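One chain, chain A, links the two complexes that follow: it is found with chain B in the first and with chain C in the second.
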Partner chain A sequence: MHTPAGPRQGAPTRLLRRGLFGSALGATLLLSAVPLLWALTSSLRPDDEIFRYTTRLSWKTLLPIGGTFRNFREILFEDRFARFFGNSLFVAGTTIVLGLLVNSLAAFGFARFTFRGQKLLFGLVLVTFMVPFEVIVLPLYLVVRSMGWLDTYRALIIPAVPDAFSIFLIRQFMAKLPKDMFDAGRVDGATWWDLYWRIALPNVKPALITASLLLFLRQWDAFFWPLVATSSLELTVIQVALTKYMTEFITYWGRLLAGSMLATIPIVVLFFMLQKYYVQSVASTGIKG
Partner chain B sequence: MTRRRAWSVVPYLFIAPAMVGFGLFKLYPIMEGLRLSFYEVRPIARTQDFIGLANFAELVRDPVILKATVNTLLFNLAVTPVQVVLALGLAVLVNRKGRVLQAFRSFFFMPAVISLVVASIIWKLMYAPDSGLINGLLIAVGLPAQTFLTSQSQAMASLMGMVVWKGVGYWMVILLAGLKEIPESIQEAAIVDGAGPGRRFFSVTLPLLSPTLVFVVVADTVINFLLFVPVYVMTQGGPSEATTLLMFEVYRNAFVYTRFGYAAAISTALLLVIAVAVSIQMRFLRVEFEY
Partner chain C sequence: MVEVRVENVRKTYGRVEALRGVSLNFRSGALTAILGPSGCGKTTLLRSIAGFIEVDAGRILFDAEEVTGLPPQRRGTAMVFQNYALWPHMTVFENVAYGLRLQKVPAAEIRRRVLKVLELVEIGSLADVESRKPSALSGGQQQRVALARALVVEPKVLLMDEPLSNLDAKVRQRLRVELRRLQKQVGITAIYVTHDQEEALALADTVVLMNQGMVVQTGTPQDIYLKPTTAFAAEFLGVSNQLEGEVTDGKLVVAGQSIPYTGTARGRVTVIFRASDVQMEEPSAPPRGGTVALTGVLEESLFLGAHYRHYIRLADGMVMADSPDLRRPGPFRLVLPADKVQVYGEHKT
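Up next is the complex of A and B:
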């Protein structure tokens, strides 16, 4: 809608318009990219060099000229960052496996059956979607504590498994599958489990990918819950580990930024690999949520 | 037939694992949180006493909570409109086909891709008074260095700046999806009728985008009311409560002072504030876009 080569528009107006358009894009690009570029570059520098280049700006400030991986080596092998990274990977991976199973089962139940209490039960799922997680952190903490799960992997994984958004998404895909597919299976004597496992699941792969991505991101970025639910170093996840660096090693900028980059690289890689699903998942929260 | 009306245990078996999980980890905690607001909880003795509205009576007199409430409201009044307007502007700007713009869109989205913790850390270092990038930049163009997060008067604005930066790309993507739903034929018809770009934006794009826009405003408001991570990472509420927000007070009272009942009451009060804010927005926005 910005290409209005209308009859009344002269060349100078169009030129001005293009200039404004270009500078708005350029300014936004700078604002979005510079902090990230600076963080990446600085993570590849010893601390004294970080300070040198940020206090006296030069063309090298944002370019990793003569970079070193020393910060990364130090946090991974001298500190226990490999462990924290692994913890987050393990928690996110397990959540995906369990979450896909539990939520796709529920999605199948809601999509392919009509049963008594269906509306009420689906309404309850909707309630869990509407109430923000932050509000239940404290009571959830008390529940998990009374189960004796505090400071365990279970505490990090299990509460994140049932997920309303995954159910909505997968249900929507399953409801759209043609009835004939399932009827044919019934005729062949397939059980409900067969229909779910052999027919429904393989045909909703895009929904499963989007749901996995969401579950992964939620667990990888999780901070508030792991902060309160775990206390031992063995169970520290990556985002919490970073903030511990912040208070204890505030002067070690290089290490802190190297850790931040380690926390960022997996999700940026995922973003570019699964961009289509990623954007779709964000957009569908807006339109269908 | 996959859908049957006769009573069968099968569908319940399919939904059971998820429903048990929701009951235990979502629905029960929701009720429990409301209930605890009316209790005094002693975490060591593990006893609970019903104290009626005493928690709420205390929190309206608590100067820290009062400060946090004012901060939270100010934060929302400033951040949410700025985020939505910028996101809308960007969405309209990049809503065209082309590989270059596709790349721009990806870059604009980058701040939304990184975690809130990482964004807070990067900005905390950029804001550092002595060796941060922003002061380096200010000095380079001949301006005086600022104190940002360590200053009583600048800390809140600095926090807001980071949150705006982090959020705009996310809302842009949602608004872009909304813009794509608007049929091109309507825009073309408006061009034929001689409507300029400004007129088309206000008379065609905005009204047709309003369902998405309302969603973005409401969702952004809710998220901004519940903000915790930036405060925890960047300021811990300081200097002297200048940047404390209600969610941070919930955290502090629950997990630092272990006053579970009082923290639950703050949380309940916050939910009420959000409900009021959202219902005001709904009424306001509906009127504005009524045709």
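Up next is the complex of A and C:
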């Protein structure tokens, strides 16, 4: 029996709901974006202009009146900010390369081999990413000092290489690859290294990309450990460098905000470039896994 | 071409005995099908021959060479898997060439052999297919690529683990014929695992029937189908009727009826016959020599396309009979040629 479409009595209500929902979303977006926008525009103002339009909000609050790149020029060419930026890039980049190799090898072991104590060992790996860093910072410092690595790049990089979440993430992907895919390689004469390098890794790209992104983020945002493990200016990383604009008596807001804006660029670029893989990985770690 | 010998091979998983002293000879250059229900140990046996499974006891030999302790890559076998197991990140060409690359075969030789084998498996236009990824191919084409990958390394033994079971019926039947053609053309020793009796009978030179980790019967497809030696073999090979009976004093009592019996079984027995061997006659029809007759009542008839299948209730159980025409419900005499009735002792395997 054909039932005619009902009268559109609910249409105004639906429209109202959509309007309210859209407004709520817009308000949330605004609340999130305004501080960032203000920081961006403020980084383009002289220091004495930064708080001038904040007590009474107006369009001038968010637009750089008399904009200048002076803050950026000063941090890049007078404060060696480029060096600190480079340090962070080097530390994060090296951590990614080493981290992917080490963590994916561990993940391959957990995913493809069966051995005594495997579950316990994997459980212990998982436990490590639930332990707050502050808990292990002292023993870690003592270990790094005993190895003579204090105030070196090694101190910044090596402790961050083994990463439980990366192992977990990559292992989830590898465990889902059909066993026959590896058996087909073995029967063709592939070694375990071939199976790992030529068959497993190319098929877990989303997990590798997400792990890279997370390792990068962690190293890029690292503050506490670099502060503890390094002291020389040559090894200062970006987050530590930013704090140098806040002294006991004065805060150099213009330079601080300009530095923060520069520090944000790699993260934003990477996230938007790799967003697809990131979402795919998150979906695979729990719900589908 | 090598002969594969399996001698008293045992494999246990926890308390489950997957292989219970299996001994077999796989003839050189022939296609042997290992047939059996799920969990009978057929895949365990195949994977033991491939080297993926370490057996607990027994020996596996390729001609005179014992390979029991060798890893898969040193046995000279190739395998075709149920789910194709192609590498999704490689093109068709790269998939097929992978084994040759590992063997460090020169690039020009790899190209020649890969194209030749792709042509052999009739994959279609080579120029069109070789650079495609497996995901861009149909299931049938993917299995052809998997077969090409297995053949290109010129293995001593080709192992196939239910290679057609993921394909739809039409493709499966077409590929079945082509597999047979290819195996004969290449003349390789092939071992084919399947749970599909029709596939095993159609493809194989020899069929090995397995159940509960043991070999139940070995023989040509005709032998296996026409002369099953156990109740399990008969039942698994599609004999549709099975009745419990008892043999005493030269008489077989089945479904409440007593019929003459001259076979060797004694005591409680299982009586088995095919629905297609049953002839349905009016109860008043005169008895015929050399036949066994049972009486029952036709309750239901189903049209199956090629024939009708009738369900006839006996005093003790239900049997099926096939005929080309529809019959009216009512009493019938079921007549069976005596040589088509198989009587087995109580032990079914």
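Some notes on this structure:
Here, the second predicted complex is superposed on the first by the 238 of 289 C-alpha atoms of A that agree within 3 Å, B and C clash if a C-alpha of one lies under 4 Å from a C-alpha of the other, contacts with A are read in each partner's own complex, and residues count from 1 in each chain.
Basically, a residue touches a chain if its C-beta (ideal position, glycine included) is under 8 Å from a C-beta of that chain, and two chains touch if they have at least 3 such contacts.
Just so you know, these numbers come straight off a predicted model, no measurement behind them.
With both structures placed on the common chain, the touch criterion links A:194 to chain C but leaves chain B unconnected. Within the superposed three-chain model, A:89 lies out of touch with both chain B and chain C [touch as defined at top].
Legend: residue contacts after superposition of the two complexes on their common chain; A:28 is shown touching chain B, with no touch to chain C. Chain A is touched at more residues by one of its partners, and among chain B and chain C that partner is B. Of the two partner chains, chain B and chain C are each touched by A:186. Of the two partner chains placed around the shared chain by superposition, chain B is the only one that A:51 touches, whereas chain C remains out of contact. When both complexes are overlaid on chain A, the residue A:202 reaches chain C alone and has no touch with chain B. Judged by the touch definition given at the top, the superposed model places A:150 against neither chain B nor chain C. When both complexes are overlaid on chain A, the residue A:178 reaches chain C alone and has no touch with chain B. Common to the chain B and chain C interfaces on chain A are residues 183, 186. Residues of chain B touching chain A in their complex: 1-5, 7-8, 10-15, 17-19, 21-22, 24-30, 32-33, 36, 89-90, 92-96, 104, 106-111, 113-118, 121-126, 131-133, 135-137, 139-140, 165, 169-170, 173-178, 181, 187, 191, 196-197, 200-201, 205, 212, 215-216, 219, 222, 226, 228-229, 232-233, 247, 250-251, 254-255, 260, 263-264, 267, 270-271.
Residue ranges of chain A in contact with chain B, taken from their complex: 1-4, 6, 21, 24-25, 28-29, 31-33, 35-36, 38-39, 50-51, 54-57, 61, 101-103, 105-106, 108-110, 112-116, 118, 121, 124-125, 127-128, 131-132, 134-143, 158-159, 161-162, 164, 167, 179, 182-183, 186, 192, 195-196, 220-221, 223-224, 227-228, 239, 242-243, 246, 253, 256-257, 260, 263-264, 267-268, 271-272, 275, 279, 282-287, 289.
The touching residues of chain C, counted against chain A in their complex, run 50-52, 71-73, 77-79, 81-83, 85-89, 98-99, 102-103, 146, 149, 153.
Contacts from chain A toward chain C in the complex involve residues 178, 180-181, 183-190, 194, 199, 202-203.
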